[in-house]
Every structure is written in C-alpha cells, then in structure tokens.
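Right, one structure below, let's go through it.
Chain nomenclature is as follows: A, B, C and D, assigned in order of appearance, with residue numbering initiated at 1 for each chain independently.
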Amino acid sequence: MAAKIDFNCDMGESFGTYKLGFDEEVVKHITSANVACGWHAGDPIWMRHTVQLAEKQGVAVGAHPSFPDLMGFGRRNMAVDPSEAKDYVIYQIGALQAFTKGKKLQHVKPHGAMYNMAANDEKLARAICEAVLEVDPTMILVVLAGTPWVEVAQKMGVRVAKEAFADRALNPDGTLVSRSKPGSVIHDTKEVVARSLQMVTQGKAKAITGQEIPVRADTLCLHGDTPGAVEMAAALKKELEAAGVKVAPMGTFL
Amino acid sequence: MAAKIDFNCDMGESFGTYKLGFDEEVVKHITSANVACGWHAGDPIWMRHTVQLAEKQGVAVGAHPSFPDLMGFGRRNMAVDPSEAKDYVIYQIGALQAFTKGKKLQHVKPHGAMYNMAANDEKLARAICEAVLEVDPTMILVVLAGTPWVEVAQKMGVRVAKEAFADRALNPDGTLVSRSKPGSVIHDTKEVVARSLQMVTQGKAKAITGQEIPVRADTLCLHGDTPGAVEMAAALKKELEAAGVKVAPMGTFL
Amino acid sequence: MAAKIDFNCDMGESFGTYKLGFDEEVVKHITSANVACGWHAGDPIWMRHTVQLAEKQGVAVGAHPSFPDLMGFGRRNMAVDPSEAKDYVIYQIGALQAFTKGKKLQHVKPHGAMYNMAANDEKLARAICEAVLEVDPTMILVVLAGTPWVEVAQKMGVRVAKEAFADRALNPDGTLVSRSKPGSVIHDTKEVVARSLQMVTQGKAKAITGQEIPVRADTLCLHGDTPGAVEMAAALKKELEAAGVKVAPMGTFL
Amino acid sequence: MAAKIDFNCDMGESFGTYKLGFDEEVVKHITSANVACGWHAGDPIWMRHTVQLAEKQGVAVGAHPSFPDLMGFGRRNMAVDPSEAKDYVIYQIGALQAFTKGKKLQHVKPHGAMYNMAANDEKLARAICEAVLEVDPTMILVVLAGTPWVEVAQKMGVRVAKEAFADRALNPDGTLVSRSKPGSVIHDTKEVVARSLQMVTQGKAKAITGQEIPVRADTLCLHGDTPGAVEMAAALKKELEAAGVKVAPMGTFL
C-alpha cells in the first residue's frame, strides 16, 4: 500500500482591502486548506471566496480559528480561560461551516499562538478538543506531531491528524528548533523534499544533532505567503508523487 | 381553530463583563429568542449561555445578526454592499448555529439598522433572504409586517414570519410611527394587551389616525431591557392565553 | 510671487502584518502626509513609523481620522450622530498627536466616507470643524474645494485648505464626476500635469463638458497605492516646479 | 506637616450602550481618575463625559491604557512585544489627552493585565516608562508599591506614584496576596480604614502573617463598581481627613 500524506496550508488570511498570500497559486499544490475565520485574519467575504477557491481545486476545507487578536495576527500568547477558548473555537468553526453550503468541514487547525500554546498546555488542548467534539465529532483536529496534545486528543476520542513541518529543523525530542536559532528553517528545496520523503516513507527524520528520530506525520504544513513558498509546495508535491507517495486530503485516509 | 402567535425577544446582548437586559426573566414569557451573534452585542460565552437559557425554557432559538458596529450597538445605518451584508449574515448564523449541539436554528431576525434598512431596501432585503436560503432554507426569516420585504422574501421562497410591535403606534399604511413623534410608543399595559388581542384575533389594529387597518402578524416583538418591559411581556402572555390564543414558537405553526 | 501648492497623500494605511501602499516612495514627492489613525487602517506601530518617515523627508504630518470601520476601510457611509463623529475625530487626532514628540500636527483630513459625507452634510461638517477647533485651532482642516463645507469651516474660524484632485474629471458645478461614469478618472500623466498646472497657476480647469470653470485649490490629493500613482506624483512635482510653482506644505502658506 | 495621600479610581469603563460602574458617585470621594481609553473599555463619547465629570469635581485626570482586549476587559495577559506595548500606551494617552481642551493629564496608570505584567516584567515596565517620557515627562506614572517597577521608573527619571490597595492583604514581602487565597480581600470598612491610616501616617501595614512591614504609598486604589465600594471610598475619605490626613491629587504633592 502506498504511503499517504496530506499537504495543509493556511489560506484566506486577507482582510477587507488587505491582500495576503498567494492563495490562488498554492491551492493547486495542497490537499487541505486551513481557512481563517475573522479573528486573526479573514472576513466573511474572504471566507466565501476561499472556500470556493478550495472547492474548485478539490482541496478539502477546514477552520483555522484563533485568539481574538487581529492587530497581532493571532501570534501573541493570550491567557484566555480554556472554557472561553473552547467557545471561541466553536464560534469560528460555525462561522466557516456556514459558507460550505451544507457540506461538512474536514478539519480544524488552530492558528498561531493558540496552536503553539495548546501543544504544551493540557487544559487548553482539552478545551479545543471539546470544541471539535461538540460541533461535529467527525471533524479531524490537526495537532503538532510529537506533543502531549496528540495523546490528549486521541484519549478524548478526537480524530487526530499529526502535523509535521518539512522545512523546520527538529530537536532530538521531536520538537521544532526555535526560530531564533540558526538552522531552524530549511530553505533548500532539495533538502526539504528529501526530509519529507524520509518522514513519509520511513517515518523518521534527521534531528539537528544528526541522529535519526521517529516522526509520524499525517499532514505536512506548507506555506503560501511568498512565491518561493509556492514553488516549494509545487516541487514537494511533484517529487513525492514521483516517489509513489499518495498526496491526498487527510479525511480520505485517516 | 385557536389563533396562534409567537412572542420574540432580543437576547444575549451582554458582552464580556458588560451585562445588558433581563434575559433570565423575560425568557419565561416568550417563545422565540433572537440571540446576538457578536457583531452588535454578544460574544461566544454569552451565546452559549443564552442558547442554554432559551432551551431550558423551551424557547426556540434564532440568530440576530447585525452590521459590524459594536460601538454603536448595530443601530446605525451603514452603506454595506448587499453581497457583503449577505456574507455577514451567513457568518453570524453559522457562529450561533455551532452552539446548538446539532439542533437547527428556528429563525433569523436581523438587528437594528440592518432590519430597518432591509424593510425598505429591496437589494439588502434580497441579500438577507439569500443568506437564509444558502445556510438552511428551512429557517424562518422574521420581517416587519406590512413592508415590501415580506413580498420579496415570499417570492424567493423564504419561510417568512411577519412581525408586529404591540407597543408601537401605526400609520394608516401600516408602517410604524417614528419614535420621534408623540404617541409613537404605547406604555400602558392594558392598551398594549388590547391592541395585541385585536391584531391576533381579528387581524387588524387602530392606526394613530383612528381608522382600523389590517395587520397580519405571526410574531410580536417584546422587550427585555427594563423590568417594566418584562412585566408587560408577562401580562401579555397571560392575557392572550386567557383569551384562548395559543402562544407558541413560530416554527410550530408557520 | 510664485504660485504655491501643497501635495497631500494618504499614508500609514498598513495594519499589523498587512502592508498597503508605497509610502516609502511617494513620501519623496509630497509635502503633507495624512496618517491613518487606526480606525479604518493603521495601528500604533505603523503610526510611529509613518510619522518618522514623513519627518525624515520634511513632509508635514496630519491626521486622517475615519468612521470605525476597519472591515470596510472606512469607505462606507455610516449614520453616525454628529456629536459622536466629533468625539471620534478628537480621539484619533489625539492618538496621532502623541507620536509627534511634542510637535504640532499640521492638518486634519477626514478619510473616505466621513470626508465624502461631510462635503454635503452640514451637521457632520460642523462637528468635524468643532473637533479641530477644540483640540487645536491652529490646525488646518482639508476640505473638498467647491463644497458647502468650505464655507461652513471658514465661518467657524477654522483654517481651511481647499483640496482638488488632479486626476479626477469635474462636473460644470465643480463637483467630482462620479467614479461610476466613464472618463471620471484621468490616467494620462501629461493630462494630469496640464490640468494641475492650469488649476494652480490660473485657478481654473476644464470640466467634462468642455467649459472652463474656476477651481481654487490649496492642496492636490495624490495617491501612493500603486507604482503608477507614485510615478505620477513624481512627474507632477517635477513639472510644477519646472513651471515655477512652489510645492510646499500647506502650513507654510495658508 | 500633614501626611498626604491620593485616592485613585478607574472610571469611564462604560462602552457604547453598556453602562459600568458608579462613576457619578465615586467621583465625589476620590482625587484622581484613571480614565479608560477604548482598548479594554470606554469609547470617545464616554471619555469626553468622564473627563468632564472629573473636572467638575476637581478630580485630576489620568489615562488608563490597556492591551487591545475589549472582549476580555484587558484582564488577560498578552505576550505583546514591549516596543509595541509602548506604542499602544502612547496612542491611548494621546487619545485621552485630546479631550482635556489643552490641559495636561496628571498621570498614567496601566490597566489590568498590562499593569500586573509590568510589575514583574522589566522590559514591559521600561517600555511603559518610555511611553510616558516620550509623550510628556511631567506626567506621573502610577506603579504598584513594592515592585521592581518602582525602581525601574525612578532610575529612568519618571515621576512615580507608588500605589497601595487598602482592601488587599499583603504578603511579608509587600506583594499582594493572590485573590485565589482566603483573606486576600478585606471587606470590613473599619479594618480598611485602620489599615489605610497606618499606611499613610506610619508608612507600614500588617502582613497576612501578622508581622508589620513597611509600605510607602502615594495613592490608594479605590473602586467604584459596586454601591458598597462607593460607600467604602466615602468612609475612607472622611476618616482619613478626620485624622488630619490631606487627601489630594497626587500631582499636588509629588
């Protein structure tokens, strides 16, 4: 059986007159779109547009909820009470759901600070899982591979997609090397392709220390915010498919 | 067959630490709750709370979407493009829908300036109808009785609930007497009850000029923002039921 | 004595991670910057940045207040009570003023819908004038040449700069030809330069009907939102100076 | 020479149609008002109203800036970059300043989470001090007595008012006992008066452990959010004045 992988990318992060990202290009090379829901980016007009854009390309649609921080693009940690975070996520999932004309959302991937905090804050992690289960228990929750959140979600009965970053260096414990450190982001397309292939076909990757560590990923996080990022997405899809990997929406194989 | 009428009231218009309205009291005397969706009032925490409050009392839940104007409580006309207003309404319906744990919303009633503008702006009226049809064509749209909006909605195939105001004086053409004119708001409970009874059982009301005019209403708009308003709601329900009128959620008889 | 004219341009309309406009380029060719104050665009970080950018180039700084409509970029008419609009303007002027390190703002130019509405709504026009007078009566208010607002402001004792658009066709009564009509916007640089020269040196312009009409302008509105607009600004400045016109901040000659 | 103390209270925390606090009452018993600037509460209309209310009573006016968190009333920690926090504070000070008709603001007291974080985060503390110095170095900054922030501010040349809470229990090191612990808030008016008197006249207070510790306060934080809080403010002023303490705006004696 062929190895399978999903490519997810944040989309719909424009706002009003402000245009952000190369959605029209990157959408051709991904399988799942994380659509901003108006709290860190996006607005109802862009949400409709982005859902249509994804559907036209056969890309599965998911919600990309955030803390309420438009000015900071949802990238700043906020000490939101978990029960309030749960309701924030429910609100945003519902708002996006309404633009699908009766279809179901495939997945939910929290954005920025909410995603990063949940990876290591069990209360927040649980709250987000509860939100997903309450709105629609068939939705998949995208969580960072190798974090306690994975187990929390699985124990609660949430369908989980483990996410890895093809262009980010890893510590020996599987966590991401901090962006503030040299070598944390890998810019060479060939290396990113090679790492992705190894992750997807062998379930492992080379850590920044040189040793090989296990990495089980269901979905790779790609970017669409620069022309270079779009090219990398295109190359990655082409190379993985050439190697016999099936690149498909996570909902088709999880 | 007994005459039937719905009592609707705006609810969930608190926001964060700000408390507004006597929801806990008025909910006992109404049959349909218009729940604020965060754009003129309300937030995810209050939305969950208000949906639960309504459901505990057997009150049907509907969305109360607004223009994006938290500072002005959605009461200020905004020249929003109809296609954008449509997406604003869809967003807010979806956000509230997500708090019903899989149940359907009974209805949608636009708030404040959006409601008033739509009553006489066919493009906006159509846009709101399209929003309802797109999200769920079984939802009822509450529109002001006697306005062109009623016909617009009916022609488009929207389930319509015609709304009347028991405590507002009417012009001979059935429109509301402007709040800026003397006698526009009726404060005497007895008179409000008498007018309501006549509307519900005879389908007519006395206009401010004295002549009787036809008024066909499916739902009466009640208020919960003052203790006096809550008392009037209680009196109205008691008196109408005593007169043999069935006070029930609009969805049960439309 | 040489004819004098000011060139003003909206600036600082980026927001958080969203970048808008070619401020760094257009700032070289203008004399007055209208800096967004966070209500339709801009935020405190961009306000600081934009004030510094203007000051480095010797460009005078003014406030560009708006209705509270970030989602609509302040372009949508809002039925804001004039006394509230006054306070909105005061708030935004003060917020920008605080970034000048003790210097005074040269001017105020309301943005988008607020500017357009005030041109023909005397109550709103007066409210904005009152705001300027209350915060600092030495500030200049930029108003559309040929509108009732000019007289309103002058009668109230406000320092007024009359604004004209070098790239917009005019009706015979001096008002702008609606953007929805063909020929409303002039894209040919040569023609824009010629029109500007005629306005500045002769105080008149050719209306869309062909007849010449009087146009008294203190400041021309330029744009920085496209590379073409920046080039036009550069050409305009070069040609006007070559023709002996002094291009200088409005505060130096009004 | 008589002992002197200032009484400060948060005011102007209403928003649009939402009314919060008993400003009209508490203003009679305090000497400095911390006026909300629209980011956690307040809006331009309430800012004007509150400045007028304070001035009528001879109460000095100061800014009460916050993180951008209207939904959370500014009470949630946010990982805002210090340089951005600086600009947020400058923006809000300026916005309020514009409503004083040319008068200077007496002081700045950050709100909620921003205040609490700054008490123990030197980078944030410095950023807020820089904001005050940049806008107007004669303004007083209110900081929590006994925290590192006091020294940071004093070293930077900021005029500092050390704040104490008459109704909060203290740890032996002078920090506030966490609200989550029993006995953290003192509700008995007599005890609050006695503690205040001891702080003001002897410069010390009894910690929750029983031992006496030094407490040097320039201003006491009072509350106006409940009728009981207003009564306590009234009692406190009456008793301190009866004991010969001069209760006056901090700007008159610092």
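The rule we apply is simple: a residue touches a chain if its C-beta (ideal position, glycine included) is under 8 Å from a C-beta of that chain, and two chains touch if they have at least 3 such contacts.
From a predicted model like this one, the values you see are computed outputs, not experimental measurements.
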{"item": "Fewest hops from chain A to chain C - one hop per pair of touching chains", "value": "1"}
{"item": "Pair exhibiting more inter-chain C-beta contacts, A-D or C-D", "value": "C-D"}
{"item": "Chain C-chain D separation of Cα centroids, rounded to whole Å", "value": "40"}
{"item": "Inter-chain centre distance, chain A versus chain D - centres from mean C-alpha coordinates, in Å", "value": "43"}
{"item": "Overlap residues in chain D, where contacts from two or more other chains coincide", "value": "71-72, 84"}
{"item": "Parts of chain B lying in touch with chain C, wherever the complex brings them together", "value": "68-69, 71-72, 76-80, 84, 113"}
{"item": "Residues on chain C engaged by chain A in the complex (per definition of touch)", "value": "15-18, 20, 43, 70-73"}
{"item": "In the complex with chain D, residue positions of chain C that touch it", "value": "38, 44-45, 47-48, 83-84, 87-88, 90-99, 101, 134-135"}
